[in-house]
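Same chain, two partners: chain A is paired with chain B first, then with chain C.
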Partner chain A sequence: MTNNKQLELNRRTVMKLGAGVAAVAGAGVNLAPNAFASEPAATKAASLGSRVSRAEGPLKVAGKARYAIEQKLENMAYGVTVQATRPAGRIVNIDASVAKALPGVIDVYTFQNTLKINKPTVYSKGGGATEEFTPIQDDLVRFNGMHIALVVAETFETATEAASLLKVDYEDGDAILDINDPEAKPMLIEPMGVAWGDAKVGLDNAEVKIDVTYTTAREYNVPMEPHATIASWENGKITVWEPSQWVGGARSVVAEFLGIDIENVRVISPYVGGGFGSKIGAHPHVGLACVASRQLNRPVKVSLTRPQTFTGLGGRPATRQTLSIGASKDGTITSIVHESWNETAIDEVHVEACNNVTKIMYATPNFSSRLNVVPVNTVQPGWKRGPGENPSAYALESAIDELAYALNMDPVTLRLANWADVDPSNNMPWTTRQLREAYAAGAEAIGWWNRNPAPRSMREGRELIGYGMAAGSYPMIRTPSEAKIVFHTSGQVEVLSAATDMGTGTYTILAQTAADYLGVPVETVTVRLGDTSLPRSALAGGSQQANNLTGALVKAAENARTALVRLAASDPKSPLQSLKLPELTFEKGTIRPTRRPAGGISIAELLKAVGKDRLEIEGNTFASGATEDMKNAADRSFAQLKGATEGSVSAHSWCAQFVEVGVDEDFGTIRVKRMVAAFDSGRIFNPKLAESQWISGMVMGLGQTLLEEGYVDQRDGRTVNANFADYAIPVNADIPEIQVISVGIPDMQATALGGKGVGEIGVVGVAPAIGNAVFHATGRRIRSLPITLEKLV
Partner chain B sequence: MRTFDYVRVENTSAAISEAAKPETRFLAGGTTLLDLMKLNVERPAHLVDITRLPGLDTIEVSTDVIRIGALAKMSKVAAHADIMDAAPVLSESLWRAASAQLRNMASIGGNLMQRTRCTYFRDPGAYPNCNKRNPGSGCAALEGINRNHAVLGISDACIAIYPGDFAVSLVAFDGTVLVRGKVERRIPIDEFYLLPRQTPNLEHQLSPGEMIVGIEIPRVAALKRSHYLKVRDRASYEFAAASAAVGIEFEADGKTVRDVRIALGGVATKPWRLRAVEEALKGKPIDEATLRTAAATAVDGAKSSGHNAFKIELTPKVVARALMTVGDIA
Partner chain C sequence: MSAARQLSLEINGTRRDLNLDIRTTLLDALREHVDLPGTKKGCDHGQCGACTVHVDGERVLSCLTLAAQVEGRPVTTIEGLQTADGVLHAVQTAFIEHDAFQCGYCTPGQIMSAVACIREGHTGSDDQIREYMSGNLCRCGAYPHIVAAVRDASSSLKEAAL
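Take a look at the complex of A and B:
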């Protein structure tokens, strides 16, 4: 446990961090104004916008997509981490003698036999890390499940056995294990609070009030591919194979871990088996793999077991929110008072921005919101799909449903009655807000107006039937990025970016974009991703990547068209060299005389004619004067990230979620019978992929609402259900028919091609929609997630 | 994990003689054993692979008895047409267990040997105190997270739940475990499993060197009209919050109970037969109220350890509903 003086110091750091987060969130940073066209560019072919299947799908299904951890390297050693079994205190001694004596064990690293791992810079301070903690640097126990040793052996099995043979002596310390612990010391994150009007007076004078508390459990991201890394040190350089949502960020973190120049670090992440926010930062085990590889001068693989992933990195923190809403009898909201608390690590700050939806969804003359963090002995929490927006919408949209019943008003009607014409938190105009259309489409599709709105009024056999709905939003963030196109004489076109594809479809939509803007068949386009040796890209997180990359790629394609026409007009060996530049046109992958449609030559023919093997063309969405430092910053930090209110307009994705549930009146078991959601994600690049994203978000929301909860033993802070049998996520049998509807229109103020975020909006609003449906079915308002059967039995 | 020997045997006598060695485990589907070995809970020195033993995967449904070989796969038994017809409860309790992939691997004999899912039992690195693993060391679950621990058949030494489903059906219908060792034995299923008392490390009647070769279930009328109801938060692939294996036989009037069988899963330290509830219903015509009243006594003697109190509320409702289902009044 830290002493008081250290704790005070930590608190101050924490406050700075909080401010840093707010600064990042609100920062308007340079992006070329001309990066955005005023009108959608005319599509030259039918590719973008069509339902093209995932390019890498067949490889994955056939087991031919080789993931980071599946790389086979010569002379690889295997590292297994040992995790603490106490929540606080100090490690007095780690006796590794028995483990070291096991044949095949190479070494055991602990704080007593340490390898230096430098603290990385967290994103809120301008770096690429999501936590500062680095293991085996000291004897302090911060949480149950933190890495305290790395055992390296010739085989994984030997390392695992040796890991079980360490004898660890602890000196116990006092721990705070729960957000509700009376000993806990919540800290206000003042810069992230929001207020206007006089919320207290507005509430005091309201004719109708509701005053509620909503909580969510500690959740985990649990992607199918567990977290694991291979680090290979060779001659002062290191290559790291890492499942990553952000190879640029991981690269800078690895450079910091090792204290080496970033130019000597390469991070490769060809395929990613899901991340949901948990693979944005390179986590502490990556540091262990890197320093062990350098020490041993051979490749080291560190693969967390599924249970170890629960504390090797954090998921969504537990939250508590209080909401008071005042309204006049006609349903006009007069005040909203909101406060939230989320758990964070004992010496680091993760703020779950629980007011992200609360502050923008409804017009109200008076508003106040305060965010607090509660340091507890837990792994530093992280981002899980819709961080902030998800719990924010849960409390707000549940409370609005409560208000609707208090007013005897329909929940959709109440929402429309409090429609925000502008962003109420800053009075900026919306870019696009097709939320009315979403309400209408969702209500129509589920038959909202045919239900009996009285609670506990509908049943089928022994099942009580309920309908519920909720709205949601997700901010449109953007970061400038690069892309490169390589033309080959074979006719193949390569598209290159360091960005990774988590399974969302990046490979596919980039191929579609290139095909579209170059007028070539989509089959001729090969996309290469997930490698820091490729053109710089921001993270695949915050629902920004598709728009970032398509924007950059279109720039590259435009540059390519210009360059190809110039080449055709200028190279002495070009068949079209007799023509002047204005007399040439680029169309459908050919360069031709403007007046003679039949006289064109293909890109490959041009390259062959002029004697070039390949032609590389770059494009990017940086401001014209962007320096290398700025471009690197976009690749490795959040410094170039544009918030949702860049340019004094407010850009968000929107959704309206509708569900029907059946609740067994004896057992309290909830089965979701139908889910319908309408989304405004702007222009959709590939409906098949976008729908998959939305649906998967809804599935994840169902799990959060009904199943997912980390059980923390309050005696020792251990997550006792750290496995897939006991930490339940939905299986196919839980998932009903899901209908998703796109109501978006191209939003040219939001992004270059008019798209908005797709990946996270799907999960936002699911929990309140289901909770509201459970109330409608049963007449019982359950205000804590997950709604497991004992809460209703 | 600990290094171990592996031997594949070709006949039952070889299996039995191999198993006489200390620290030996039979390996069939491996769906429990390999898990527990990875967790360092099971640390056998020798594994005897019995998957190739001939003649142990048969399923026979004759006029008066059902015989299932120990190596029959759960999925095969669950989908067996005669079983589905003659004994729905057996099929249902199998296909509601685990996942399709696990059922394709797991054997019936291994299923009977499935060990508890107590999370403290399964985490020896963090919890050396477990009376099941280390007799006399204490029980971490008693005051820990015990949402899915037993409320019936518990002791102050252990509250670990019996996690399975199929054996609950067997207990309801008086199944017999066929065992081969130095001699052949027939062990009534209800006696096969032991209460934890002060020796939770002893879970069953098998001695070292003994091997389950099959099970038998007598065909009674109530078996034909039987059902397995499993209640849980997740719709599939989750252990029961509470479950009931039931069967009913009516008198000629179609409503008076001649025979009824009830056993519980998901709430007790072993598959839990409810003989008192059965007796209370025999000779009575059923309706919903009668069934609910009788089912209320299903949890007589139950004790909550904290998080699992809901099981005491839930169980009578599960019993009543299961009986209503077979009585056609659900």
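Take a look at the complex of A and C:
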């Protein structure tokens, strides 16, 4: 082990050498000289890796991209849900007589005038749902804000008025409203715990110890497009327009809600106005829309109001984490003991896997982590960007900063001193781990080595200045998928997949992939997504979709090249029919004689010559011999999902986040002045879009750290700030200059084309980086999110 | 039911005669009654800016405006921003160029605000753009790219006017 003195970097030497190189030189890493060269200038070549603008951009900026509930259907009825105003107990009676008497009201559905909604199968049991709860099936009140009625009327205005006219009588019950309530009964989730060595002994014998508790608030995804659905029942079949990250999952949930064959369900999600994990499962209001449409035999649109998006579905649960780290005086970590608790619904289990980063980030001979859930009367929490990894990195990377100060070591140096050469949780080799390069690039970009590391030592006028950094990871999960290419005689090439694009860039990178592998201009490729009638795809979640789909599409393109050459050689009407198969080559969108580059014909010309309107070619990444059931499972459940350690190698995206903050000395107001992050997401398919996603995560992380907190009234369980005025998310003026740097290299062990996850890694590590910067600025360590001024002054 | 009322609205230069519940907001009139869903509903409470349109050339939150309030006053929505032959406005092209959006749901409101922001003369610096664009929330966090797009569009429009 390198000793402390060697690792402590002399600031002056560092400045001479160039910070990034010196930082890694201290840990014995060689860097390619151009490892941090900026992205190459935008190129006109439309292929993977270039900065092609968003394919659906022209539609979105013109207001012509029609989102799910913007379909115009004849005879549409409008449904508005009514939500419970108590946290627990029973509904004695719902008097809907006044509402029903209102002209234009079609019906009011409650547990007393119910429509059957079957319980869906949750993902952990092989289904596609994220909660089992189905509304209006019984009189039990589970949480304040649960749907207890659906009012359906001819117009939105009438339905809204009628919804205000229900008289609900409750019988109050005892509620648990807070993760810290002494009456709460935490449950250990034993199978998700991880341990090796003897963590207790390792900690007891440590020369230096950090023993801390970190908490995070209840957070909400709140995508700008509220959750809403149009359900249209017709002749025993249902079509559902649903903003969805996973139409295959929604389809299976809708089939279960209604108790009908899945073949009679179609889910369409052309554009998705953000999700961040909250549009993976079809939530209970979708069930209400579906059963009402079947009952009324007409389309029903149910839109959650903005306040209802805080309780109609859950966000990230509040968490509490205790973390003890033991180290020797030279900075070598000897033990980590970690335990977490997160809220879950009173009768359902959502686990925030707070050990996801803790268990892999640093080499330690002793480790123990335990996860607990605490049932409270809340809507079932869900996934919010970087579920598990985000709070995990918050606690770990804050505590590592505390350890660095306890040891009087530089935080980057301490991290390098505890570098994990292999995945410490299983001793598997990493696929790629460009984290040292990320530290170096980020540190250099923010000027890390020029700061004075002493707390409360830097200022500009009234502002105390602080620098902070943190690392993060996100696992590379994968699911087999399929894709289809359709060639047309017009020269247009269509790419088809059921996958969805919520701004992640799916439309664009699939067009780029097809253009690359078929050698056609990207402008000739049209991508169609978001419809269960299209080829099967796993969810847009877990930062896996781009790699799943590009892999499947390349298979389709390879099949297409073979099929086109074969067609050219075999069809009697083909102009190239005189040549044998080995004498033909597919190149740049043409089929040509191998020895005569000029004698080729385009795909469209071939189709016209042989009299075909279109040619459809499929490709997939299913295991050979996969049955239809297995392929459907890949589309509708997590059963075919492969984890980060598939193939006995450990695949993750990595990041190093660096921030500079300014804290007003008198008022404690915190301004993030600069954000810099370096990412290892492997090969980048489109830097323009990847950068947007990374920045997106960083902005969400800033909101989490400084602004976002769901307040629950401890008298009645009401979410007090369920709106955009009181639940503050970042606005434009909150966001400083942000610099993102790619340090990834193609990772061919991780995925077919060498990419790794992009969408979630951006948010991981932001909170601890800011918290650490606040400590550096002020000397105050705030161990609960959000870091608001009253905690600081 | 609340009383219905005959309304004549001028939307993107076209007269639309409608029979609406008098409680109908301009936003719902656009989205549900004249099939112009480009204007988005993000909160219905004037807190997010997704529903921003121009009334009499100024930015207005259509969710806090009753349809009946804009009778006789020209309304421009995102669908009316490009020219009749489909040429995008400088702000629209700048948003594409700078990737100033991801999911696209707040984008029409951002663009309508940006056009007005430039017209108001509130693009003197990046900080001023940030301040005057802060009524429009973007959960995808495209803010740095929105600032760049507004800055670029503002200078290209100024150049065009010279």
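By our rule, the second predicted complex is superposed on the first by the 747 of 793 C-alpha atoms of A that agree within 3 Å, B and C clash if a C-alpha of one lies under 4 Å from a C-alpha of the other, contacts with A are read in each partner's own complex, and residues count from 1 in each chain.
Going forward, contacts are C-beta pairs under 8 Å (C-beta built on N, C-alpha and C of every residue); 3 or more make two chains touch, one makes a residue touch a chain.
Owing to the predicted nature of the structure, the values given are computational and were not obtained by experimental measurement.
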{"item": "Which of chain B and chain C A:462 touches, first, second, both or neither", "value": "first"}
{"item": "Touched partner set for A:692, first chain B, second chain C, both or neither", "value": "second"}
{"item": "Which of chain B and chain C A:237 touches, first, second, both or neither", "value": "neither"}
{"item": "Touched partner set for A:732, first chain B, second chain C, both or neither", "value": "both"}
{"item": "Chain B versus chain C as contact partner of A:271, first or second or both or neither", "value": "second"}
{"item": "Partner touching more residues of chain A, whether chain B or chain C", "value": "C"}
{"item": "Touched partner set for A:226, first chain B, second chain C, both or neither", "value": "second"}
{"item": "First (chain B), second (chain C), both or neither touched by A:58", "value": "second"}
{"item": "First (chain B), second (chain C), both or neither touched by A:72", "value": "second"}
{"item": "Contacts of A:614 with chain B and chain C, given as first, second, both or neither", "value": "neither"}
{"item": "Chain A positions touched by chain B in one structure and by chain C in the second", "value": "157, 161, 725, 730-734"}
{"item": "Chain B - residues contacting chain A, complex", "value": "1-3, 40, 99, 117, 119-120, 123, 125-126, 143-145, 147-148, 231-239, 241, 309-310, 313-314, 317-318, 320-321, 330"}
{"item": "Residue ranges of chain A touching chain C (in the complex, touch as defined)", "value": "53-54, 56-58, 60-67, 70, 72, 102-104, 155-158, 161, 221-226, 271-276, 303, 305-306, 502-505, 688-689, 691-693, 695-700, 723-725, 729-735, 737-738"}
{"item": "Chain A residues touching chain B - in the complex, by the definition given at the top", "value": "85, 144, 157, 160-161, 164, 461-462, 664, 666-669, 671, 706-707, 711-713, 715-716, 718, 720-721, 725-726, 728, 730-734, 786, 788-790, 793"}
{"item": "Of all residues in chain C, those that touch chain A in their complex", "value": "1-2, 21, 23-24, 28, 31-32, 35-45, 47-48, 50, 77-79, 81-82, 88, 92-93, 95-97, 99, 101-108, 111, 127, 129-131, 133-147"}
